[in-house]
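Below: a set of structures, written as structure tokens.
The two complexes that follow have chain A in common; it is paired with chain B in the first and with chain C in the second.
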Partner chain A sequence: MPSDNVLLRTLRHEKTDTLPWVPFAGVHAGKLIGKSAKEVLTDEEALFDSLMAVNKLYKPHGQPVMFDLQIEAEILGCELMWPDDSPPCVKTHPLGETATVPCECTLPTEKDGRIPMVLRAMRRMKEAVGDTTLLYGLICGPFTLAGHLRGNDLFMDMYDDEEYVEELLAYCTACCNRMAQLYIDAGMDVIAVVDPLVSQISSAHFETFLSKPFTEIFEHIRKLGAFSSFFVCGDASRSIDVMCKTNPDSISVDENIDLPAAKKITDRYNIAIGGNIPLTSVMLHGTQQDNMKYVLDLIDRLDDTRNFIVAPGCDMPYAVPVENGIAVAQAVLQPESVREMLRNYIAAEDSITVNLPDYDKLSKPLVEVFTLDSDTCAACTYMMGAAKVAKAHFGDAIDMTEYKYTQKENIIRCKAMGVKNLPSIYINGKLAFSSIIPSKDEFYKAIEAVQ
Partner chain B sequence: MSDLCELILITGFLGAGKTTVLRRLLGMNAGKRVHLIVNEFGKIGVDGALLKDLGATMDEIVNGSIFCVCRLDQFEAALDEVQKLKPELLIVEASGLSDPTAIRSLLEQGGRYPDIHYRGCIALADATRLHRVIDTARVCHKQLSVADLILLTKTDIALPDQIAAAEELLHTRYPGIPVVHAVEGNIAKELVDTLSTSHPALDESYARDLTLQKRCLEISQKMAPDELRSFLRLFVEDTHRIKGFVKLGEKTFLVDCVGSYIKVSPAQSDQADNRLVVLASEGMPLRKSLKEALAWYKDSVCEVSQNT
Partner chain C sequence: MDLQEISLKLQAGKAKDVKILVQQAIDEGMSAQTILEEGLLSGMSIIGEKFKNNEIFVPEVLVAARAMNMGAALLKPLLVEAGVKASGKVCIGTVKGDLHDIGKNLVKMMMEGKGLEVIDIGTDVAPETFVQTAIDEGCQVICCSALLTTTMGVMADVIKAMEDAGIRDKVKIMVGGAPVTDAYCQKIGADAYTPDAASAADKAVAFCA
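And now, the complex of A and B:
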């Protein structure tokens, strides 16, 4: 594990000067390299390449390798349905008609289903970025897995036949422990037990049915030398306290939970908490400024930032604009600089005027690179690097300049130009590339087209 | 002719018979331009031929994160399309595990869907299974508490004792919401035609007949609207009604929650006393959940005597 990683230190509950950032880029990772959700979740090369793109653009302290809660269910006999832009859904439930508990001989092994592909990708990621980034292995939590296997009758079983539910959950717990072992052996530093169905039951039912399985799983992960995280989706506010009692190293929540209020509870148990950038309203539909502001406001609302991890509320939607991920990263990694940017963005209207070039009368192509700050923002550094390569290639035949958003007059320039996303490259006043770094060939062709 | 598209939401726990009711609704609206948004692939399903016969169109939302109410983006995209199609009636069949309050909240986001009018919610309760899921699956209770009409289904195969117990449970926990029997989705057209959210909401005088629990809360002006919503979420499921005017920062808001549906909307009122009246009745564990909620927000909310 990378010893100076702030996420590692946060999971050890140490105070850190900067905050850790974990983008939950599952299917969204595919968008960065033009691959569909299904490609990312089934093809090793697509998965590895997309994860490397996440690492390069978003500069995370930790990142998941595979965000798909259906891997175990698929192996255990659930049929899946595959949308293009989401993880698969479970379509059939093998225990739907018969309340039996499968033999433990059916538990997934390293040779089953998509597990071999996932393990290979995990090992490659460990080799490639393991010295700087903590890697998350995500497993389907016992309750959601039981729901996948049994279907909706699980809720009636909880009323009719508690003993059966306990036995089925014991089987699912064994499955979780098996998956955790496989993923830790493949180099995963953190095992996230993802259980969205937890928010569908009361805290009393949690204690009756789930306290024991989760406690056992987190203890197992700890014995194997990894960290654990308890992921929930939805409004599980009323269960935060009982979740803490199962003793995970961290908890991850979405926008349905008031994170600063929940953190007062997790702090009592000395458990880290992560979240909860809204997936749709902010990450998918918001602007870069909305994303940066949400992160800074969230940080400002915390009494104590120890034990806090900045992360999306859950698996990022496929179509989240790349620049929004970049904006969040910048807000976490350079909070004071971004704070200044936002202040200037609001105040920039009236104080300074900028003169834009007369783009119709340029003597040679003009490449303008708009960045958050190429010294500190990874994506901006790469974008600026591409521009410098082009400048070296074309020499005096083109003009090239960078405008950093850290300076007030550049914010005004962005507004005047209608620049919506950073980083981006404009050639002769027209948007040429936004967020995704162009290849050398693409860049050269774009310049030659206006020469 | 009005350009407004009427939206009817159908909810019900998995297996309660939503698709059967959906087919019946389609049949009784033959001739109208009807659009469906189906948030679940059911075992029965609505096939393309039936839709074609009835002149209806459909969007199917398949979402791997179907449990997450924060992933309404596919539903939003479908609503955007509906605004272009301009149907007369939009029927939304929500997933058996989805939170029905999220859809209504989305529609009430100022001006985003001006051509869509939320007519109301029909919730289905399976008479044979209601008592077994009402307390194990939180969403089941949520769906019923925000309904404008409850259909008690499968009464043809339920035992008389089961039907009586289900009726008693529904009337006790959801007073004021009409309950009708519906075998094989058979629902009277007049009930659908008169569906409305503006039926007499439960108020104090109604609740006086029940084993009334009434509490009064004082809200700090320093609280942010989102914080208040988070506070309310911690106990709203255990109430019938929460109401009052509050001033948060410099703005006044009306808090008006019915069942599990939370509404905190800007209001023009100089009567904001920052007090919320909370009503609940027999069987609702308000005492416990409110105590926990007050512990979360002890710096911003306190309980006060109703007479002060």
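And now, the complex of A and C:
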């Protein structure tokens, strides 16, 4: 575990000067290195490389190693359907026809299904970034796992056969405890128990069926020396209080929940809370400015930022533009500078005019690097670094300049040129690279093409 | 007998009681249509409102719908005999690539609770299947559900398939699911987006009127 990390201090409920940031980049990690969702969820090299790209570009304080709630279900007999750009879905439910409880001898072991691959990736990540980044092991929560095994009849069972539901949940709880043990042994610092179905039931049903399993799981994780997080999706506002009573170290919610209101409840229990950045309307379809603004507005709406973790509402969609992830990171890591950028962005229409070069009459190739700020934004630093390498290689044969978004005139220049994403590189006035850092060869070829 | 009793038992999810009470009402000579509307559909309408207002949740809706179906099964032959028709016909499914059907099932139940005939095409439904079902069954509305950001794009394909088949101006299309918004509905040119199952049922009834 890192010796000093703002997320670590937040999970210990200490006051921090800056806020922790945890990008839930599961399948989205694959996009950063051009791999499909299935590749990162099944191939150790693709998974490790993509996670390293997340760590490099988004500079997280914590990150999940594998975001797939179907790992346990697959081992326990559910057939999966595999899309290219999202996690697999459960297609069949082994207990759908018969209300039975599997033998504990069927609980997953370190040799089953994709677990060996996941454990290897976890150990490699621990070795590679474990001294700076808290690593999350995600397990499928007991209620959602029971739903995977039994299908939608589980909801009817809550009325028809309470005893059966309790027995099935006890089995799923044992599965959660087993998975937590495996992941903690592989170096995970935080175990996130992800249970989206929780939002589909009343708080009374939660107390009847789920209070005991979740309390047991979080207690188990604590005994094993790790932190815990309770992930829920959907509008679970009514259940935040009963979720807190199961005593997790933190809770993560999606955009359906009013986070400042929920935080008033979690604060009463001294539990950290995070999440809430809208996955579709902001992260997937919004601009960089939308993402920065959402994060800063959210922070501003909180009475107290202690016990707060900046994070997306849930697993980031595969196709989230990389620059939006970078924008969120920058808003968390450099909030004051980003506030200034947003102020200037809004005010940029008026005063200053910029003269763009006459790109058709350049005497030599012109490389223009547009960054949020290459001194503080990791992705921008790498993008600028690539440009500097090219400049060193080509010397006086090319011109190269950086425009930082922190300066008002550069915001106007971006608008004038139609620059939509930062960081990006334009060569002779045309977009050459956006967000993803080009390799040396790619960069050289792009310059040679206009020489 | 007091049909309010049927409504209350339905709301409590007491399927066996509903069945007994519906049979009793039939035996007392009440018309099937009256029992349906003032007992079953009235109860299901209250369930829909409570679900919309976050007063009850998925399990409560499922057991209420099961109770409604138990009662409706007794009424069905009598309604056919009396020549009573459904207030409209729709088909519903989750789009290609999406297996998440809890929302779709809830919408279906709410629509049946409003007296609509619902053809459930199931999950992972191809655009062409939506269209062919609407044509074969004479549906007035196609309802598409998606839970994933990656599958909601298929809804636009369904609209394209409707255009290709020449039914776009005859059949309405409704869209819904967690990532879907009204802005997205307008962007792809669908006829309606509703944020919850009860509103979806109301909208479908309006389209079928």
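Following the convention adopted for this analysis, the second predicted complex is superposed on the first by the 451 of 451 C-alpha atoms of A that agree within 3 Å, B and C clash if a C-alpha of one lies under 4 Å from a C-alpha of the other, contacts with A are read in each partner's own complex, and residues count from 1 in each chain.
FYI, a contact is a pair of C-beta atoms (placed from the backbone, for glycine too) under 8 Å apart; a residue touches a chain by one contact, two chains touch by 3 or more.
Keep in mind it's a predicted model, so treat the numbers as computed, not measured.
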So, after the overlay on chain A, do chain B and chain C clash or fit? They clash
Where does A:Thr42 make contact in the superposed view: on chain B (first), on chain C (second), on both, or on neither?
neither
Is A:Gln70 in contact with chain B, with chain C, with both, or with neither (first, second, both, neither)?
first
Message = Looking at A:Ser211 after the superposition, I want to know if it touches chain B, chain C, both of them or none. Which is it: first, second, both, neither?
response = neither
Inquiry  = Just checking: does A:Gly313 make contact with chain B only, chain C only, both, or neither of them? Give me first, second, both or neither.
reply    = first
With both complexes superposed on chain A, which partner does A:Lys264 reach: first (chain B), second (chain C), both or neither? first
Return first, second, both or neither, reflecting whether A:Met158 touches chain B, chain C, both chains, or no partner chain. both
Next on the checklist: For A:Met81, using the defined touch cut-off, is the partner it touches chain B, chain C, both, or neither? Pick first, second, both or neither.
Outcome noted: both
Between chain B and chain C, the one with more contact residues on chain A is chain B
Just checking: does A:Gln289 make contact with chain B only, chain C only, both, or neither of them? Give me first, second, both or neither. neither
Clash check vs chain C: of 60-68, 204-212, 276-284 or 294-302 in chain B, the offending stretch is 60-68
Overlap of chain B and chain C contacts on chain A, residues 81, 83, 86, 89, 91, 152, 155-156, 158-159, 200-202, 205, 234-235, 238, 279-280, 284, 317, 319
Residue set of chain B touching chain A in the complex reads 13-15, 41, 62-74, 76, 96-97, 99, 129, 131-133, 135-140, 226-227, 230-231, 233-234, 289, 292, 296-297
Interface with chain A, chain C side, in the complex: residues 13, 54, 56-60, 62-63, 66, 97-102, 105, 124, 148-151, 178-179, 181, 183
Counting only contacts in the complex, chain A reaches chain B at residues 68-70, 81, 83, 86-89, 91, 151-152, 155-156, 158-160, 196-197, 199-202, 205, 233-235, 237-238, 254-258, 261-262, 264-265, 278-280, 284-285, 313-315, 317, 319
Touching chain C in the complex, chain A uses residues 81, 83, 85-86, 89-91, 152, 155-156, 158-159, 200-202, 205, 234-235, 238, 279-281, 284, 317-319
